[in-house]
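Shared between the two complexes below is subunit A, which has subunit B as its partner in the first and subunit C in the second.
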Partner chain A sequence: MLRVLRLAWLTSVRQPGRTSIGVLGVVAVGALLFDMLLLSRGLVLSFRDLLDRAGFDVRVLATDAAPFTGPRIVEADAVAAAIAALPQVEAVVPVSIREADIVSETAASQPPGRVQFIAADPQARPMWTLVDGRDLSAGAGANPPLVVNRTVADRLSLSPGSTLTLRGACGPDGSVLPPVAFAIVGVAGFPFDDAAAQTVAGRLSDIGRLCEGGMELGVDMLLVRSNQREGAGRAAAAIQALLPPLHVVTNEELVERFSRVQFSYFRQISFVLATVTLFFGFLLITVLLTASVNQRLGEIAALRAVGLSRTRVVAGVLCESVMMVGAGAILAVPVGLVLSVWLDDILRALPGIPSDVHFFVFEGRTLVAYTWLLGAASVGAALYPMRIVATLPIAATLRREVVG
Partner chain B sequence: MRRTRIWALVAMALSAAVALTAASAAQPIEAGEAPGVLVSRQLMESRALGIGDLVRLSADPTGGRSRTFRILGAYEPTPDPMRFAQPALEARLHLPDLLALSGNPSDPSASDTVSSINVALVNPADADAFARDVSTRLPGTVARPTSAPDDRAGTFLVIERFHLAIASVTMLGSAVFLLALMMMLVDERSDVVGTLRLIGFTRRRILMQVLAEGTCIAAVGTAFGIGFALIMQGAFNRFFQWRYDTALVFLRITPGVVAQSILLALPLGIAASAIASWTLLRRHPLALVRR
Partner chain C sequence: MTQPPIVEARHVSRVFPMAAAPVTALSDVSIRIEAGEYVAVVGPSGCGKSTLLHILGCVDVPTSGDVLVQDRNVGSLSDAERSRLRLREIGFVFQRFFLLPMLTAWENVELPQAEAGVARLDRRRRTAELLEYVGLASRAAHRPSELSGGEMQRVAIARALANRPRLLLADEPTGELDQRTGGHIITLLDRLHEDGTAVVVVTHDVAVAACAHRLLTMRDGQIVEGSS
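Our next item is the complex of A and B:
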């Protein structure tokens, strides 16, 4: 085996130009293939990570409509209490999202800046990450407390201790509601914010001050953390059995639904490009090896004539292919990673994409799939040149070489 | 100056907000003077509906306050690239019917409420000024010209940039492949080139011949590539239209794309020929004929 490897190595280094071009071609092809594999599941992995990071693994909605687009859960307090009493459930947090206009900065000729107001239980573990100041649970004195994201804080020059006046954009039929002054207690990062998102968070009890009806209109969602022993699946089943009209979905199911519908474009495009890329690589190696073998027919015939077995010569061609693809594949991984950062930056500029979401995400199985695919391509590409070598007529080839 | 027109027909997504029941459902439907409704082809197929069928629509997820409509026809929804992955389960109702269906009965103003108003200006160039004027005179409303950039335009600009980046990497791989092919093509004929040099052909003349050959190969390859892409265009579109059940065109090879391909492929082919032949012509003629 070592002799075969040595023969393949010597053949490769004897033609440095061709070998370099072959390896360079595999690097280009391999980098693109690697990136397409990263893209095929990147968005799903990133989205799952985002959901899991919030610390809740089951979501309860009124219907199967997309979160925050369908009807709300009414009598949320009673529903939350019933769910919290289940042994499979560790915690329940009602969440509502409303829109509000920033009053303080509004000029007459310009539409007011609009923020997304997340209302949640201040005593529960927050779904945002505090970067400055305190959380809602600390209270704020006379005015209700508010946590703002960095975009709002920077745009309006706000910091803990400032006041922000909002007017709910949730009145019936677009009626103008009275403004409410909030005390800024902290600045936080919200996991689902995109680069331009203006998000604030307040207490669930304060939603009534901002919007008519408030809690009586219901909450958008109940976030549930399952008991670790039972798991999300069992908790979801127990909630569904307890409250059949509600729509209960685990993070896994949500990710699966999104990957099937919303994210399918990138999966399809990555499949098409990965297939084309792999075929391209296969073709490149086949052509290079075939040409290399065709040019060395006399030499191969001479080696056979002096006693090298057919298996050894054929194995040499296979090793040559594997070495060329292997070298290219190893070099392609860092190139692919750098390329993926560039492509990821391009795609993350899509409007509405949360800042923490990535399209290209590395996982161990990507490397395994990459190795298998290129390994298969290297073997497949070597088949035709191996056949040429295996069926080579020794005497006729030597005669042709001498006469030529 | 201004002529305001509220569109009589409103497209409404029914997949989540409106419960739809076919005439064959358990609860009987009274025909009476059922108003007409148009149903998207996808909804017709998914619920096995037919023209003339009576359906009940409701804005309430529980099916409460439903009204009976007669299906007058099916339509192919305007393909929306932003929602192509979602099934177009929708229907078109007359505006008064929709307001009666979705409005709050306890709110008298509900029957006079619409989510948006499309305005056709006598002079479309006044769109920006008109939008500013409306925003000033009617606080709380948002007026914007239809030509204003929005998230949709941004999305497609980003997708275009991504595809351009992928195409650039593919071009790089293709260039390497092409270079390898041309080097082998030239290398296989090193004997001939060596002999030509020995009998007096100048490097320049041989180089020109190789370039001419490279140009021909590049031209044929480009033509084949464009032809292949044109054939694949139909297959690609048909596959994705079947996959997403949409009339959206995913891939369109325009004259601009063809021109771009020619402008990239031909010079690349010629450059590859030049580089490959130059590496050969640098060598001594005797080395080329292996003597």
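Our next item is the complex of A and C:
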């Protein structure tokens, strides 16, 4: 075996030009293939990570309409209490989202912006990540507390201790509601924000000040954290059994649904591109190996005449292929990683994409799939030249080499 | 008749099916090569000398007739078995040497031994002995591109002898060499024969033919003189 490898190695380095072209080709093909594999599941993984990061694994909605578009859950307090009482459930947080307009204090110079107002109970673990100041639970004296995201803070030059006045954009028929002054207590990052998003978070009870009706209109969603020993699946089942009309969905199911519908484009694109790429790599190696073998027919026939077995010379060709593809494949990984960072930046610059979403995400099985695909390609690419060697007529070839 | 012949062809014909008309390269050839014989095959170009050598050397099979190597019918052997037979019993020397260019002289000679599973130490001893035998001990580390034609052919002979074959087949071994270097090869073949290896050499070279103890003359795919 070692001898076969050594001979294949020497044969490869003997034709440095041909081998370099082959390896470079595989680097290009491999890098692209690697990226397509990262892309095929990247969004799903990234999305799952985002969902999990909020710290809740089950969502309860009034219907299966997309969150924040459908009807709300009424009597949320009672519902939340009932769910919280389940042994499979560790915590329940009612969440609502409303829109509100910034009431500018510096008058006309600032165009009035609109913010997303996330309302959630302060005692729960927040869905956002505090980067400055304190959280809602800290309280704020006279004015109700508010956490703002970096965009809002930067744009309005706000910091903990400042005041922000909002006017709810949630009145019936666009009627103008009274402004409410909030005390900024902290600055935080929100998982689903894109670069331009203006998001703030306040207490659930303060929705009542911002919007007419407030809590009586119900909440948009209940975020549930399952008891760790039970898991999301059982918690969801228990909630569904307790409250059949509600729509209960685990993160797992949400990711699954997204990957089946919305994210499937990326899977399809990456599948098509990966297939085409792999096919080109396959052709390149086949052509190079075939040319190399054809150049050496006399030598190969002589080796056969000297007594090397057919298996032995065929294995030599296979080794050459695997070496060429292997070398390219290894070099392609860092190239692919760099390329994926670059492509990721391009895609993430699309408007409306949450800043924390990534299109290219690495996981262990990417490497496994990559190795398998290129391994199969190296064997596939060697098939034709292997066949040439296997069926080589020794006597006729020797004769042709001398006469020709 | 105590020892079987090393190789025997019985009524062997070889026809190449060609588009225009089939070419009969050998027709009804019978020949026995006994152990230790020194045979030269001569005849005009295209009369079937190489074809006969290939069939005796088990790299080609006859269209009809039988080839026996030490009483074993080659026709009934698998490709792998024929490979082993060539590896251990038959040495081949070609007009164009066909050494592996990326291996040194030493490695070229070692290759068939490694293939035959000879232990490393024995291989080393045998290779050194062979390169000494062909007078190239000092060129062991050289690649074919660094050797002259005559030297390459001597390495090729050392390679052919690597596994101590009982039969050496050489197809115009001096065909690409000048007279003087060709002379070295002839001397080498002579010595080989003296050391007990049967030699069959196809040649146009009268000097080579003169050394042989038996001369086969071929014409139009048949042995017209010297068959026995």
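Throughout what follows, the second predicted complex is superposed on the first by the 397 of 404 C-alpha atoms of A that agree within 3 Å, B and C clash if a C-alpha of one lies under 4 Å from a C-alpha of the other, contacts with A are read in each partner's own complex, and residues count from 1 in each chain.
Throughout what follows, contacts are C-beta pairs under 8 Å (C-beta built on N, C-alpha and C of every residue); 3 or more make two chains touch, one makes a residue touch a chain.
Small disclaimer: the values here were computed from a predicted structure and weren't measured.
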### Query
First (subunit B), second (subunit C), both or neither: which does A:A28 touch?
first
### Query
After lining up the shared chain so the two structures overlap, which partner does A:T11 touch, if you call subunit B first and subunit C second: first, second, both or neither?
second
### Query
Touch check for A:E401: first (subunit B), second (subunit C), both, or neither?
second
### subunit B versus subunit C as contact partner of A:S264, first or second or both or neither
first
### Query
Which holds for A:V287: it touches subunit B only (first), subunit C only (second), both, or neither?
first
### Query
Touch check for A:R365: first (subunit B), second (subunit C), both, or neither?
neither
### Message
Let me test your reading of the model: by the given contact rule, A:A349 touches which partner, first (subunit B), second (subunit C), both or neither?
### Response
first
### Task
Considering only touches as defined above, state whether A:Q295 meets subunit B (first), subunit C (second), both or neither.
first
#### Entry: Touching partner for A:S309 - first (subunit B), second (subunit C), both, neither
second
### If touched residues of subunit A are counted for subunit B and for subunit C, the larger one
B
### Message
For the complex, give me every residue of subunit A touching subunit B.
### Response
17-18, 21-22, 24-25, 28-29, 31-32, 62-66, 69-71, 108-111, 172-174, 176, 245, 261-262, 264-265, 268, 273, 277, 280, 283-284, 287-288, 291, 294-295, 339, 342-343, 346-347, 349-352
### Message
Taking the touch rule as given, give the residues of subunit A at its contact with subunit C in the complex, in rising order.
### Response
3, 7, 10-11, 13-14, 298-299, 301-312, 393-396, 398-399, 401-402
#### Entry: Contact set on subunit C toward subunit A in their complex
50-51, 54-55, 57, 59-60, 79-80, 83-88, 90-92, 94-96, 98, 100-103, 111-112, 114-116, 159-160, 163, 171-172
### Message
Under the stated contact criterion, what part of subunit B meets subunit A in this complex?
### Response
16-17, 61-62, 84-86, 104, 107, 109-110, 113, 132, 135-136, 139-142, 151, 154-155, 158-159, 161-162, 165-166, 169-170, 172-174, 176-177, 179-181, 183-184, 187-188, 240, 243, 279
